[in-house]
Amino acid sequence: MNAQQLKQLLNDVKDGRLAIEDAMAELKKLPFEDMGFAHLDTHRELRNGYPEVIYCAGKTTDQVAAIVKRMLELDYSNILATRANSDVARALQALTPNVEYSTTARIAVINRKPLPQPAGTIAVVTGGTSDMPVAEEAAITAEIMGNNVKRIYDVGVAGLHRLLSHLDEIMSANVVIAVAGMEGALASVVGGLVDKPVIAVPTSVGYGANFHGLAALLSMLNSCASGVAVVNIDNGFGAGYMASMINHM
Amino acid sequence: MNAQQLKQLLNDVKDGRLAIEDAMAELKKLPFEDMGFAHLDTHRELRNGYPEVIYCAGKTTDQVAAIVKRMLELDYSNILATRANSDVARALQALTPNVEYSTTARIAVINRKPLPQPAGTIAVVTGGTSDMPVAEEAAITAEIMGNNVKRIYDVGVAGLHRLLSHLDEIMSANVVIAVAGMEGALASVVGGLVDKPVIAVPTSVGYGANFHGLAALLSMLNSCASGVAVVNIDNGFGAGYMASMINHM
Amino acid sequence: MNAQQLKQLLNDVKDGRLAIEDAMAELKKLPFEDMGFAHLDTHRELRNGYPEVIYCAGKTTDQVAAIVKRMLELDYSNILATRANSDVARALQALTPNVEYSTTARIAVINRKPLPQPAGTIAVVTGGTSDMPVAEEAAITAEIMGNNVKRIYDVGVAGLHRLLSHLDEIMSANVVIAVAGMEGALASVVGGLVDKPVIAVPTSVGYGANFHGLAALLSMLNSCASGVAVVNIDNGFGAGYMASMINHM
Amino acid sequence: MNAQQLKQLLNDVKDGRLAIEDAMAELKKLPFEDMGFAHLDTHRELRNGYPEVIYCAGKTTDQVAAIVKRMLELDYSNILATRANSDVARALQALTPNVEYSTTARIAVINRKPLPQPAGTIAVVTGGTSDMPVAEEAAITAEIMGNNVKRIYDVGVAGLHRLLSHLDEIMSANVVIAVAGMEGALASVVGGLVDKPVIAVPTSVGYGANFHGLAALLSMLNSCASGVAVVNIDNGFGAGYMASMINHM
Amino acid sequence: MNAQQLKQLLNDVKDGRLAIEDAMAELKKLPFEDMGFAHLDTHRELRNGYPEVIYCAGKTTDQVAAIVKRMLELDYSNILATRANSDVARALQALTPNVEYSTTARIAVINRKPLPQPAGTIAVVTGGTSDMPVAEEAAITAEIMGNNVKRIYDVGVAGLHRLLSHLDEIMSANVVIAVAGMEGALASVVGGLVDKPVIAVPTSVGYGANFHGLAALLSMLNSCASGVAVVNIDNGFGAGYMASMINHM
Amino acid sequence: MNAQQLKQLLNDVKDGRLAIEDAMAELKKLPFEDMGFAHLDTHRELRNGYPEVIYCAGKTTDQVAAIVKRMLELDYSNILATRANSDVARALQALTPNVEYSTTARIAVINRKPLPQPAGTIAVVTGGTSDMPVAEEAAITAEIMGNNVKRIYDVGVAGLHRLLSHLDEIMSANVVIAVAGMEGALASVVGGLVDKPVIAVPTSVGYGANFHGLAALLSMLNSCASGVAVVNIDNGFGAGYMASMINHM
Amino acid sequence: MNAQQLKQLLNDVKDGRLAIEDAMAELKKLPFEDMGFAHLDTHRELRNGYPEVIYCAGKTTDQVAAIVKRMLELDYSNILATRANSDVARALQALTPNVEYSTTARIAVINRKPLPQPAGTIAVVTGGTSDMPVAEEAAITAEIMGNNVKRIYDVGVAGLHRLLSHLDEIMSANVVIAVAGMEGALASVVGGLVDKPVIAVPTSVGYGANFHGLAALLSMLNSCASGVAVVNIDNGFGAGYMASMINHM
Amino acid sequence: MNAQQLKQLLNDVKDGRLAIEDAMAELKKLPFEDMGFAHLDTHRELRNGYPEVIYCAGKTTDQVAAIVKRMLELDYSNILATRANSDVARALQALTPNVEYSTTARIAVINRKPLPQPAGTIAVVTGGTSDMPVAEEAAITAEIMGNNVKRIYDVGVAGLHRLLSHLDEIMSANVVIAVAGMEGALASVVGGLVDKPVIAVPTSVGYGANFHGLAALLSMLNSCASGVAVVNIDNGFGAGYMASMINHM
């Protein structure tokens, strides 16, 4: 409820068009629906123009399906189910034919109203082939939020010439998502080469003293390059969302 | 050296306007100056339009002064010395009258050519008064890079009404920098309220199981709100730089 | 044995009503029963009025069943088996028809003498749907200990309006249990809104730099709000027990 | 603003007693005062009946003094300044004669209107003499919040008979605050002996693998006794506050 | 080879009873046998009077069997295979009928020449029933090394009276092995009660902030009681071995 | 492209033997091939004379097979696939008969052109039998890179005479690879005995406070012996590669 | 109070020689004295025959002096003040001429009745010269508790011949205390060489990835040698105490 | 004592040229001198041809001076005192005029017999100016051990062109020492560019989530480039020593 709506409501009270009890109810009414185990945010799509997102890990397949079913009834245009296994994908496909599922990225997308795309592109760059699941989560997230995405995979710093050969593509992007495991040096090198915001995503790719992504995470947080900010380990969705926000400015 | 310059150089070689040795030298010439203990990036200001930044921690006062002296000779317009103690500030003030020093933020600014400012503002929000040194580092960095900055301090989530009372100011900003120590919950709450990019800065404010900012860092990395990316603990400069990049897009 | 019983015993010795050997035996007799692999606390129910609790993890199904069998023989009224898998549940149901088992909370309850309930309620609040197993462990524990419990799930701080819409319910409770994974900011926000004791339960819900609940744990320990105390990660039972203690004061 | 006040306001609008602009201003007015570097919560004392608390670490002496000065002008009755060094204490004593300062606990107390005390007592128990600063912070906090406090110091579990000799005092308390460093076993032992809520405070007393209180913290979080909840390392204030909340129920 | 043997060897050389080449060979000969993947210490039983021990984790069943086969050919009397799964046990039982296997402790014992037992006993005390696998590893190790062992299980500090009722047994032991998970407070309490060496064994029993035994480990290392030394998490064998060494002094 | 090739190219341009467009293409041409999910480094074998290495963890079997298939088409002589499971091995064997697979080391080797071997040998020493998988990864890597390898296994410091009996072999090597889990003391002892470079490889062999190799890693990094450098936990490949580099100098 | 005393007391009650109130008082009387900030254990010297120990860290000089003063009045024979700075030493010397203070070990010893010494010796072995403060704390503690101590310093494993040259002395000891920082390998090597109990003391000597003794601690806990138990980092006192207990058996 | 010397000794015994007691003494004689607090390794210089090294941290100035004094009496040619403060430097300069002291590297060098230098050079590369103290420790160590050293400082990956402009110098070195703090990406980038062994030295330069060099350490251990091995944080000496060993092969 914005200031104008508030003024209107008070006017309605003053002029007797609205009973006090109704006004109080209105002031208390909140834009979501309680499903018992989950609160569905019924106004979110309106509020920020983005698709609704369901983080599936820790929810039962039935819970996810119930949430999506209600969203479809409420006529949500775009829905993103992240960390969705194939059971969840099948359950959603039983609800609507309109589901695309990426096995690599573990994302199910229900995209009924493609968003207009800004001119700028988002480059998703990875250190290795093993970082692809996280990179795809970022890329697909950015795409459903209405962005052109350029994928540049397996260009880690151990073979710097591979990265440099794609420099033009990377430098022409509006935002760069740098996805890397192991030592995560890609973020610093990319951050030093471009003058655009870099969203760094550490991945849990590696072993031993990698400690499930901690090495890459600390590396990226301590980047000696400016213009680098970091999201959680393996959080491709978060990076895609943030990059889209920036690209739409 | 861009593609056009490369073509010109090859043309010059072909047409005999440029000796092969000179062409080779040109191809090898790189845009910086070796000062023995430091490499001065002589083209950086041109390259990315930002001021030159010197991270003073771990450098002697003499080293910082020598670097700045050379920058002034090369006619740099804007210079930022971060983590500068008062000795460094005095040494710089001996070089040029044009130095502003913030004791709180430990930043010395030499600002000889103010940058044009975009319309959007950057909001710097802190959880507590003790987060001010980091917040000021972010705010001053953003200002010298040509941004309007709105400071909103001491609005931590323990008194949510304080934060909510500033909601209009925060929501009208283009980018929000959320600075908080202790449990760092501010980033999640702000991230949930606004639909603009949030740069989260954990601070080392706290004690005990805070572990010098680790609690706030982990909290911010795990934010349940989307659109939040994180920089290093106490890295006000990095947040200001990133926010400015986004605000200038 | 309290002071009065001790005095009586000494009087009995003095007056010859009790042989010295019997007195010594009495003084040594301790209120439990040694089952070889476990010590059954036969007076506990009397001592503190609470049900007996068996932590099943690390015990074989046979061990748990033997303990419960003996408790039933000793006519315990209320028994709580936590971290009980379905095998344990089946074994207990073979002992007595009086077993309720929650798959979500992994708790088996034998409740033969419902406890009187105080007027106050305990609110169990979660950040997300995935926190339900821990929240249910807390809620069921509190219920068997004789408390009215109000469940308010999936009201995390990323959508603050969801939490605020339940504020009346939360504020009217005597004690609040705040259950959250990821960054655990819920505890601070709830702690800042209510003036009742908040028992914070970090959960292991999350991934990456969550480090199996460490992020939420540190966040809750560093809460900038007063009136918050913390139990172990995923320790729903401990929170329910503590909240019940407070609610019965 | 509670429901009744809201109804009154709407009635005033309806009956023309209140202009819409004034109503809007009223609805936006929030109960605190912005001091630039700090937000003073002007209604807090009313809201929850507790003294106002200032956490001094990370604030300059001038900032603390300015905050207290304004509080005194607003006629606050009870003020608690924690982590206050002797400079701060002197600055406050220059503002009002009514300051008591504990060097051990680093707390400055301005107590102008003693609160009524409930019948129950709070026992503050420590493992060793070295835990006294934290224990005193807890005890003084509880006292200014209107509680009878019983101090029982240096009764660590290495000499169990010392603890057992005070058992009556401890068991007769309404709430127990267990303060211990090193291995923090005191919390478990006390938790097993009493049937009242135990607030455990790990301290940073110890060395080596104590890791500044981490050993005691983990120990207390994993207590095998029920009815124990934990606050941050060295957080005597938090324990005193929580215990007082419980004792006033 | 001790000093006397060395002198004899030199005398033999001097007197021509031993050729120089043979002497050199003798001086180089070392008391073990190289099996390619393992070095069998053929003199160890002689050297320290203890049974030979094989740590089975990380070895294939074939490797363990080959080692034991060779030991039996060399007529070892007593062999202990720790961390042995049931496959290993079956493989050893195929080699000799003389194998006792404990499923709980995962130890296979080949005991062909019982060692003489000293008068003193070793008490093995556990906090809970879940600590039994580690406790049994310790107890069986001590037994095969020739010690009387007294098992006292499930006497954790949350019910102090259970521990105190066994105090006579514990105090009459020569050495006490204290086995506990969760917060590991048992070691401190036992250490404070007895004046005999206490070998503390943290176990990985617990969850959440227990971090796989870290909580109990740190707790035991920081014990406020004197006379406590610690072995690795879950290292029942090490504790039994150490206790036996002490008991045989 | 080295300096001489660059000069030739410029000469060719000058003399009209090479069109400017061709020169530009040449200058931009980079020595690898983009396979979509991976970049194949087509010149690497030439550049550094070593076999091409594929790290299989995190890649699908199809991805590994496609990479190797292309390498074979490009006539690579020597290929090393590390962390390869038996599925990968079978897929490679379907491509060429020329595959040797080590189940222990999880390495598949395609060795079509044996490299000339330097005179010096590399000694691979392990603390225990359980360290063999990592040691074999190191040994096989060194062998395919053209080195004589001497394996000395199960000579940990708990039986120092075993290690000393192999001292001649170890001291005669050019480089020593010390592979050990548990406390990793082998690296320090070997480092103190030889005056050749020691590459230390911590393994994840151990349990409890070993924390998956952290204990051995820290131990090796803190070695009191000089001439020891460390690679990642379980990184047998890295150690073999580094040792080969040194041995070929 | 032992069983015989208890029987006597009961007999006295029965025969009227002891009033019931007196018996109750006797049963409640506990062997210590409450000094307000500390509990003085007045029977400890009797109970376990060891000197009384005061851990000075975190206590004020006045508190330590008051405790010792009271002990002297109670005629304690032997007192040990550990972690005592020179201020404490001077304060104790003002109380009695009978104080020996070691600057290296930071121990003040009041030794008025030398204890009889057993035949066996305790060897204190260090890796380096920098470990001396901890080693001396162990040695002096063992000496005041009535033991012959043999100091063997700076024989770390990087120069194994130094250690081996002292092997006779080490092997002839009853108990060995192994004190080492850095990688702490000394404990494993010594543990493998001797067949006597080894008490390992990690020290905080080192830098970088030593993490204040963590490397040595983990190393010692994971020792591949049997017969090694560990005390806290820098806990020389604990090691000396434990070794003395064992040596007196 | 090598095999030939052993044979000679035995021959001498056989032929009566050497008494048995003398032979025994000879066999026991070890090449060092016990100074009470330190063992001087009198044969080390001979054994491995390197200068003697004293790690000064944790030793008193008097201890260091006494060790060096004795070395000079024994006519050592080259001595290296690392982590030496200016007090130590002055004490050494009082012993011999032949001391060079580097304030930056905290190394005192007594170099009386320069070693012959191999043809190859060692390149010492740093990420920033703040890494100079560690880099200088490495460089000076390598120089006194007889190596040509090329210093290339402040060429971190944030400005990749700075590093690339020195590529020829780096690639022409025999061994590269890569010194970097913050995220330590330099090691991976250098490792990917050169085909020579890279010794990586993480430094403690940085702040926040750098955790005193942990970020750079983990980064370097997880390097995606082959041919990189790591020494302890800030261990410039270790890197210089290792690099020299390799360069002399």
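Here are a few things to note about the model shown:
The first chain written gets the first letter, and so on, giving A, B, C, D, E, F, G and H; residue counts start at 1 in each chain.
As a convention for this text, contacts are C-beta pairs under 8 Å (C-beta built on N, C-alpha and C of every residue); 3 or more make two chains touch, one makes a residue touch a chain.
All values reported here derive from a predicted model rather than from experimental measurement.
Common neighbours of chain B and chain D under the contact rule above are A, C.
Between chain B and chain F, two chains of identical sequence, the interface residue sets overlap for the most part, with shared numbers making up over half of the total. Among the other chains, the CA centroid farthest from that of chain E is the one of B. Of all the chains, the one whose CA centre sits at the greatest distance from that of chain G is A.
Separating the CA-averaged centres of chain F and chain G is a span of 50 Å.
Taking the mean of the C-alpha atoms as each chain's centre, chain D and chain H sit 54 Å apart.
Chain A and chain F have Cα centroids separated by 38 Å.
Residue positions 128, 159, 208-210, 214, 217, 221-222, 226, 232-233 of chain G each touch two or more of the other chains.
Across the assembly, chains come into contact as A-B, A-C, A-D, A-F, A-H, B-C, B-D, B-F, B-H, C-D, C-E, C-G, D-E, D-G, E-F, E-G, E-H, F-G, F-H, G-H.
Chain E makes touch with chain G in their complex at residues 3, 47-50, 53, 174, 195-197, 199, 217, 221-222, 226-233, 237-239, 241-242, 245-246, 249.
Chain D makes touch with chain A in their complex at residues 3, 6-7, 10-11, 13-14, 16, 20, 23-24, 27.
Those residues of chain A whose C-beta lies close enough to touch chain F in the complex are 128-132, 153-155, 159, 161-162, 164-165, 205, 207-210. If you check the complex, the residues on chain G that touch chain F are 127-128, 156-160, 182-185, 187-189, 191-193, 206, 208-211, 214-216, 218-226.
Per the touch definition, chain F reaches chain A in the complex via residues 28, 30-32, 36-39, 41, 44, 55, 57-59, 63, 202, 204, 212-214, 217, 232-235.
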